[in-house]
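Below, each structure is written out as structure tokens.
Consider the two complexes below, in which chain A is the common component and chain B and chain C are the respective partners.
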Partner chain A sequence: MKVERKIAGNRSSRTGFLLSLPYWAWFAFFMAWPLLFSLVLVFHEWDIYTPMRWVGLGNFVRLFQDDLFWQAILNTLYFLVIHIPLQIGLALLFAVLLNEKIRARGFFRAAYFMPVVVSGIVISLLWQQLFSYENGILNLLLARAGLARIPWLTSPEWAMPSVALMATWKNVGLYIILFLAGLQNIPAWLYEAAGIDGATAWQKFRHITLPMLNPAVIMVLILSTIGGFSLFIEPYVLTGGGPMNRTLSAMLYIYKQAFYFNRMGYAATLGFFFAFIILAVVLVQRKVVEQEALE
Partner chain B sequence: MKPLPVKKSPCLHRFWIMLVLSAGVLLVGCESGSRGKAGHAGLVYWPAANAQEIELAGLAAAEWNAAHPDVPVTVQPIPESQSTEEVLLAAVVGKTTPDVCSNIWPGVVGQFVRAGALVALDSFADFDSVAAARLPEGQREVFQYDDGRLYQMPWKSNPIMMEYNVRRLQEAGFTHPPATYSEFIRAGQALTRDLTGDGQPDQWMLYVDINVKWWLRYFDFYTFYLAASGGQTLIKNRQVTFDNRAAVEVFRFFRRCFELGIFPRASFQGDTFLAGQVATHITGPWNIAHVDKFKPAGFEFDYAPVPLPDSAAGPVVTYGDPKNIAIFATCQNPRAAWEFVKFLISRRQDLALLRIASQLPIRRDLLSDSLYMPYFKEYPKMVRFAEQAPRTRGVDSAPELREVFDAISQEFEACCVLGRRTPEEAVQRAAERARQVLR
Partner chain C sequence: MKRALIWLILILGTVVFLYPFLWMVSATFKPEMEIPSFGLLPSSITLASYEQVFAKIPILRSLLNSLVVSISITASVLFFGSMVGYALSRLRFRGREVMVMVILFTMMIPFQLTMIPLYILMVKLHWTDTYLALIVPGMMSGFGILLFRQFFKSVPQALIDAARMDGLSDLQILFRIIWPLSRPVLITVGIITFMNSWNDVLWPLIVIRDQSIMTMPQMVTIFAVSGMAEAQLGVKLAAATLLALPVIIAYAFFQRYFIESLASTGLKG
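This part shows the complex of A and B:
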């Protein structure tokens, strides 16, 4: 009996193994192999069609001398400085509003989430029309109101805030959902007790909602930081990185090095370096936010 | 005790069926792929994918096939992509290159040579005599690779010139096309107008694409720089050579034109020259047929060299936009491919190139050969381009050329379009970036 069970068990685990094979194949081909290959590329110069050339740490030397890469990093940080507070603030505001008993609440929740599931390319193309200097809706409205037109995408000063505005509009729905989930987990009796003690709505929000939402805030902060660092589609479609490289994000620069200029080794080096920057920022961020929560 | 019956899972059955089917599909695919290559007795020829060159290639192949049934040529237009270079690069990597291709941009030849993808044409015994009979003086050296060998057969060039609206310039008081920067600016100031009364100009001197795509600079900065510098290209022996007065003058000229508003800071769709929105257009001979076909009644146009800085003199050198023919190393029968290349550059085929594609063969006797005289008599505007053809330059064959042009394009935008940097600063920054790239 035991032997029979063992045989049946072996067959069952073999079936399980075979059924998980597609995942392992996917993981091997699309995750493990590219990662290992990129690591090899970091120490090589390779333009795809000529053999790889060992350059040791040459790509790192180039990276530290590459002004444009550092400008791209600064641009990305500038984007984050605008995007993250805007996104968290708006997401929290809408989450609190949508947590109230308002009419057509389900519709609004779905409507705010809609841009998250629509392709980034489609949204960027739509916003390109909205931002158009000559005949974009935004400028037509400004002109109708007697105000000056804004060079949303053609001025070096306005371009990145415009990109951040669009990215916030696209992603805010996801963070509204996360905050909503957090809000619904706050026990109602806390508000009741605070109400009995005479707390105002603001005091309830400041001393109950915000502290209780801390795990959600950390998650939103980390997710939007990683998402912000991955800024690519928006500048790729809206501005191509211009004007004057002011919307050139680090990801767009890595893409250009790899697929415009065929510098595969250098692009891999930038990719790894950038991944470490993201890791460091997220670790610091987590530490700071958790520390504040404990205090 | 009877063993427990072990029922085979239907999932497992399906898994094996799918696996076998997938393997079968893969095997069939691989087999047909390899048969397609190994079993090919003839030549595969990739021309550019525009209608005129496809027609030209089709006629050439038909004529060749009738005379050489043992080495039939199959024409396959270069597969659709953003650029020919992208497709050829993928083909080089995948070793699926054609035997012969006639849309080779000299800027990419160096990379193909380093990849071992091209046949050195001077390895054929009769190459020297063929080249000597065809090429204008100095052209062989222009297309030589760093190792002194020739991997491309100079085939055609499209000198970039200034197309102008004759009447519009006459209205501005010009009976001849502007030849210097100050003449050009003067004409532009006289021409730029608000025709609808909305306070915004609707008519300008020239439309310059303000997008920063690197290759767009061939048709503004690079063309004007070659003219201003007397034909000096951007890089020599991997050293930047464009941080000079000529480049600064070109940047200053474009900046001034944008500042004065005689170039619009806007993106337009459609043909602004034919629509009468601009009086000039920087273009090549391919545009003659287009303008002739779509011009409104009474529209008069002609061609002239691009203007020079006021201090410059001498004949104008311009960008030649050359495209050449190469044989790829994957070719099983290079000897036959070379014969086909010679056929493509024969006198009669060159006449077909003129007639069908309106493009100029790189040929020393183009204006004196009696075979082409009737053509030039019939199409006098092509004479302007044929006269300009000997004074053209291509591009440097450095693999980093795109990045160098990208650096120039970024500074062109900052200085000329947005007016945020002085011409001196912009040229210096572009040169510094180019040095960084070439290091």
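This part shows the complex of A and C:
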């Protein structure tokens, strides 16, 4: 018996190793090598076709003096400042309503979730029409209501809020589901106990519902932040990054530097910095939200 | 009173989320002049927009490309991902703990960081303008592996011991005993992998310039952005509708799976 177990142990250890090899091969080529090579790229100027040129810290110096780099960060922050509260507010509203005992709940859920599964390019082409200044549905509605038309995509002030609005419409269905799941996990006795202690509806919401939804809120923050820095197809289709670079996103800027100007070293440097900003922002958000929950 | 208000808001929400899609589909059947209007019904139904899409771009070819790419990636992620997940959850081997940490680490790396070097790798391998560039980098998913590992841990050990007594090898145990028990996780990983791959535009835009290899989202994007559609709304929307159709049909049949899959990953990821 003992001998048998030992043999079985040996066998599984070899198979385990063999089964894990495909992953290591993939990791070596498509993760480890790119990561290491990005460390080489950031110190070079390179258009892929002619030999690499060592520039030392040149790319970093350039980055800090590059107005468009800062513009892309500002644009992304502007996007997040509108997108995140809008998303949390709407998701919370619909989740609370759907948590009531009503008929056709499944239908509503499915309807709100629909934009989540449809490709971003379809959504962008559709909203391009809705946002159109002369003939867009949104402006037709405004005009019919006797209000002034809004230059959704054509004015530097409105362009990013419009993109944020569209992104909220696309993503909020997912967060409705996450918040709803969170709500359903709250035990009923918590509310009953609070009711006995004389808590008002608002107090119950503030001190029971919100803290219990914390994991879902963290999820929204993290996914939205990553999403904000990864915006690409939306500005690519809707505005090309304009007007006046006000919708230039991090991803679009990397793309332009790499594939319009063939600056691989600089594009990699941008990617490097944006990646660190994403990680930093996500870590800070996590800390803050967890702190809030403790208080 | 309160109920009525709830219903009112929920129905308003449904209009906001669904009406634009209905409007889009109806616009593709309208004469170009009638598209900028709020209504759904055209004065006459025309297929002109679709005829132009099919005449101007090889959209069926791109549909085929997308199917080849997304199906290959999904099959690979399910096959290799479950193999690795099985090894991580059920077998003891050198480097197992390191591997879990490495996978968690790679899941934290934003694509912004690896995109440019990855493109250069494709150029050096001469994979640009081939299916290889579209498929091979997506063949593994750390996230899929971890979901499999998590699920496989819950399979009773007695079942595996019994299979082993019957002389089944590890691969046989995985595919004959564990796979049939793992429908939920296979569906979740399958739907997410397929959807991500089907909807991806950025990577194809980077590595493919040859029209005959382009995926459908890429083809539609280039068609709409490059001016090939000549600023005709109906034609752009028809291309968008064709692109959305496969996903919407799949969603109509399997919406419960879609919602549960994406929500579960949201919570775990």
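By our rule, the second predicted complex is superposed on the first by the 261 of 295 C-alpha atoms of A that agree within 3 Å, B and C clash if a C-alpha of one lies under 4 Å from a C-alpha of the other, contacts with A are read in each partner's own complex, and residues count from 1 in each chain.
By our rule, contacts are C-beta pairs under 8 Å (C-beta built on N, C-alpha and C of every residue); 3 or more make two chains touch, one makes a residue touch a chain.
Bear in mind the structure is a predicted one, so any value in this text is a computation, not a measurement.
K.L.:
Once chain A of both complexes is superposed, is A:Ile48 in touch with chain B (first), chain C (second), both, or neither?
P.N.:
Touch partners of A:Ile48: chain B and chain C.
K.L.:
Determine, for the superposed model, which of the two partners chain B and chain C contacts more residues of chain A.
P.N.:
With both complexes superposed on chain A, more residues of chain A are touched by C.
K.L.:
By the touch definition at the top of the document, which applies to A:Gln65: first (chain B), second (chain C), both, or neither?
P.N.:
First partner only.
K.L.:
Should A:Leu174 be classified as contacting the first partner (chain B), the second (chain C), both, or neither?
P.N.:
Only chain C is touched by A:Leu174; chain B is not.
K.L.:
For A:Gly271, using the defined touch cut-off, is the partner it touches chain B, chain C, both, or neither? Pick first, second, both or neither.
P.N.:
A:Gly271: touches chain C, not chain B.
K.L.:
After lining up the shared chain so the two structures overlap, which partner does A:Tyr260 touch, if you call chain B first and chain C second: first, second, both or neither?
P.N.:
First partner only, chain B.
K.L.:
A:Met244 in the overlay: touching chain B, chain C, both, or neither? Say first, second, both or neither.
P.N.:
After superposition on chain A, A:Met244 lies in contact with chain B alone.
K.L.:
Regarding the shared-chain residue A:Leu98, is it in contact with chain B (first), chain C (second), both, or neither?
P.N.:
It touches chain C, and chain B stays clear.
K.L.:
What is the contact status of A:Val116 with respect to chain B (first) and chain C (second): first, second, both, or neither?
P.N.:
A:Val116 sits against chain C, while chain B stays out of touch.
K.L.:
Looking at the overlay, does A:Leu142 come into contact with chain B only (first), chain C only (second), both, or neither?
P.N.:
After superposing on A, A:Leu142 lies clear of both chain B and chain C.
K.L.:
Which residues form the common part of the chain A surface touched by chain B and by chain C?
P.N.:
Of chain A, residues 8, 15, 19, 48, 134 contact chain B in one complex and chain C in the other.
K.L.:
Enumerate the contact residues on chain A facing chain C in the complex.
P.N.:
Chain A residues touching chain C: 8-9, 12-17, 19-20, 22-24, 26-27, 29-31, 33-35, 37-38, 41, 48, 93-94, 97-98, 100, 102, 107-122, 125-130, 132, 134-137, 140-141, 169, 173-174, 177-178, 181, 215-216, 219, 223, 226, 229-230, 232-233, 236-237, 250-251, 254-255, 258-259, 264, 267-268, 270-272, 274-275, 278-279.
K.L.:
Would you mind writing out the residues of chain A in touch with chain B in their complex?
P.N.:
1, 4, 7-8, 11, 15, 18-19, 47-50, 62, 65-68, 133-134, 154, 156, 240-245, 260-262
K.L.:
Which residues of chain B touch chain A in their complex?
P.N.:
1, 3-4, 6, 9, 11-12, 15, 89, 92-93, 111-112, 114-115, 117, 211-214, 265-266, 399-400, 402-403, 406, 410, 413-414, 417-418, 420, 433, 436, 439
K.L.:
For chain C, which residues count as touching chain A in their complex?
P.N.:
Interface residues on the chain C side: 3, 6-7, 9-10, 13-14, 16-18, 20-21, 23-24, 27, 35-38, 80, 83-84, 86-88, 90-96, 99, 102-103, 106, 108-121, 123, 136-137, 139-140, 145, 164, 169-170, 195, 198-199, 201-202, 205-206, 217, 220-221, 224-225, 233, 236-237, 239-241, 243-244, 247-248, 251, 255, 258-259, 262-263, 266-267.
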